[in-house]
Amino acid sequence: MTQPMIRFEADKTLLTSFGKQQLEIAFELEKGQLLTLYGPSGAGKTTILRILSGLTDIRSGRIDVDGETWRDTRLKINVPTRRRSIGFVFQDFALFPNLSIKDNLRYALQKGDNNQLMEELIELMELGPLQDVRPAFLSGGQQQRVALARAIIRKPKLLLLDEPLSALHDDMRHRLQDYIERIRRHYELTTILVSHDLPEILRLSDEVIWLDKGKIRQHGRPEIVFPSHSLNPKIPGI
Amino acid sequence: MKRINATLFICLSLLSLSFFPGRAPADPAQEVLVAAASDLKFAMDSLVKVFSGQAKDVKIKLVYGSSGNFFEQISNDAPFDLFFSADLDYPQKLEQQHKTLSAIKPYGTGQIVLWSSKLDPSKEGMNTLLQPSVTRIAIANPAHAPYGRRAEESLKYYQLYDKVREKLVIGENISQTAQFASTGAADIGIIALSLALSPQLQKEGKYWLIPESSHQPLKQGYVLLQHAKGNTGAEKFAAFIGSPIAHAILEYFGFGK
Amino acid sequence: MKPLMTDWQPLWLSFRLASVTTVILLAISLPLAYWLAYSPRRIKAVIEALISLPMVLPPSVLGFYLLVAFSPSHGLGRFLDKWLDVRLVFTFPGLVVASLFYSLPFMVNPLLSGFKSLPPALREASYTLGKSKFTTLVRILLPNIRSSLLTGIVLSFAHTIGEFGVVLMIGGNIPGQTRVASLAIFDEMESMNYSAANRYALVLFLLSFIILLVVYLVNHYFSKPQPLT
């Protein structure tokens, strides 16, 4: 494709614990790539995901995805969330408590969709024996996998992951990073990830945007944005 | 999914049963809805019993309450056929509003008494109210109950009003007032003679007739209302009230002429 | 003269009134509570205050104003009477309308708290999965506020059963039509027929208690944490 998959330009006032902040971002992303948003709390990372998904609006700007304009403040175009082809993994997973795992996944399907992908995902995520269980009875890692499966079952054009692994311990974290990688390659999903974890970022990302106070501080390949951190995972002051 | 709304489903099924109305109403031409001032409770029960013995095809439905309340409701087209007020003012006002069908006829004169289950009011008459053991005195609401107005007048006549004002307990209507007195919530009450003559109150306490000279006479009237147009049962009952036997019953229950 | 058996009509009237009112309230309150929970408009505060107003007004006052408002002699009452042959004063439908006003806050407020207590991410997740607002409401929101729904239903029902002042004013206490149980009990008490009054009160209490008990038991049974569906 000559055109990038995603073109994003946004301008918005954020209310943070530091006071009002202007969010001014623009970037482009190629299809199938994984972009990580990195930066201190309140920098605007989650907001960007929400803007892309239509859950939060902008003062001015434009979002184009795969040839479709999802938002254009000048032309007054605003495609509602439910018509945007996205998959969103929320920080707290937002699994539906009243539905089993299987039903959580099935909920995402439309009439006429076959169950094949659902069964594939259940197997891929190793959730088979748990599929009739409700989310409240699952461990963090299991819920994580369900949230991920549910986000991708519609084969969205854009996958948005909001700190999906931050609450997990290293071992589980590694395994889920594997899943994310595997799924992304398998289904060719364009992905935007919010993360604080450097090894993770280095491992998974094609590109990184370092956000600070609502503006892009750096944007590029991970080795270039974090040259000295390929081994040390911890970052002060987050 | 199947389990989710089970409770609600049960609730809603139960509730939906109630959309089916109860039994069909009886033939309206022979149903008579009577609004009667509460002091008529025992007299009216008796009148209806006797009347129903004679006119078996007429069904009288009684609603007791305060005359003031009935006035408000009838002014707003409450579907009563007959109104027995504890005075003449309310029927006259309704007449002015063109809500009445017949002329206002008197059915008696109301009298007030002192009644108590704890003391014998006949010993000291009105001065019983000054006794230290009397901490609460029940009267009907002078604002809208005719008996209450007369009670207030008597108290003022005997120059007792200011002295006992703080002890007054106001009943919504005359029968609630009697209830305050009979349950002992009030130590003594100024109630209707007709209620004091009821079997229950006769058994429970003693009364003393307050002299008629101490208050405006309480002439009481009844009237057929617009709603009764064409209702032969209502006309029959109204006519019955004028009969000698009805007069005798009313007199027996304390509604002297 | 006094019947040996309790007259069941007032009890039946009370239950009918409470049931009909509750069902209609549910239908009205769901959209209202939904709007109050999720709309960004500022007029919400005004609406919320208006809805809770019946809780603050003395019931007889509410009844009186409704009586005047629906009186066939003028205004709305006359319109209804003349053109639709509908009377809302001294009739059972009139009691229902009055009860709708009177018990509205008892249905709306629990539903509203219920909606507000759900994490916003649940709704948002449903939208990201391509579902409409309506589907989200029916398949995600409502099933997760079941206990609020139950509270609303129970409170509205109980509140309406206990209604007195409102129904007295706008109903007229007409036997067979608007003499509900609470009025019948009061009548018996005023006539000093305490045993009859006690009988009514006891039956009312028992029947209401049984209904509420059944509802709560069923709710407990179905809301035991169920790992498997």
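So that you can tell them apart, the chains are marked A, B and C in the order they are listed, and the count of residues begins at 1 in each.
Simple rule for what comes next: a residue touches a chain if its C-beta (ideal position, glycine included) is under 8 Å from a C-beta of that chain, and two chains touch if they have at least 3 such contacts.
On a predicted model such as this, the values are computed, not experimentally measured, just so you know.
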Legend entry - Most distant chain from subunit C, judged by the mean position of its C-alpha atoms: A
Legend entry - Most central chain, Cα average position: C
Inset, instruction - Could you please state the distance in Å, as a whole number, between where the Cα atoms of subunit A are centred and where those of subunit C are centred? - result: 45
Inset, instruction - With chain centres taken as the means of their Cα atoms, state the distance from subunit A to subunit B in Å. - result: 76
Inset, instruction - Determine the centre-to-centre distance between subunit B and subunit C, using the mean Cα coordinates as centres, and give it in whole Å. - result: 31
Inset, instruction - Pull out every residue in subunit A that's touching 2 or more other chains. - result: 98, 103
Inset, instruction - Any chance you could list the residues of subunit C touching two or more other chains? - result: 143, 226, 229
Inset, instruction - Specify, in ascending order, the residues of subunit B that touch 2 or more different other chains. - result: 1, 4
Legend entry - Touch list for subunit C against partner subunit B, complex: 1, 9, 12-13, 15-16, 19-20, 22-23, 64, 67-68, 71-73, 89-90, 92, 143, 146, 149-150, 153, 169, 172-177, 179, 187, 189-192, 211, 214-215, 218-219, 222, 226, 229
Legend entry - In the complex, subunit A residues that touch subunit C: 53-55, 80-84, 86-88, 90, 92, 94-100, 103, 107-108, 110, 132-134, 136-137, 150-151, 154
Inset, instruction - Under the touch definition given earlier, write down the residues of subunit C that touch subunit A in their complex. - result: 119, 121-122, 124-132, 139-140, 143-144, 225-229
Legend entry - Partner subunit C, residues of subunit B touching it in the complex: 1, 3-8, 10-12, 14-19, 21-22, 25, 33, 38, 41, 45, 49, 61-65, 72-73, 75-80, 173, 175-176, 178-179, 182, 198, 200-201
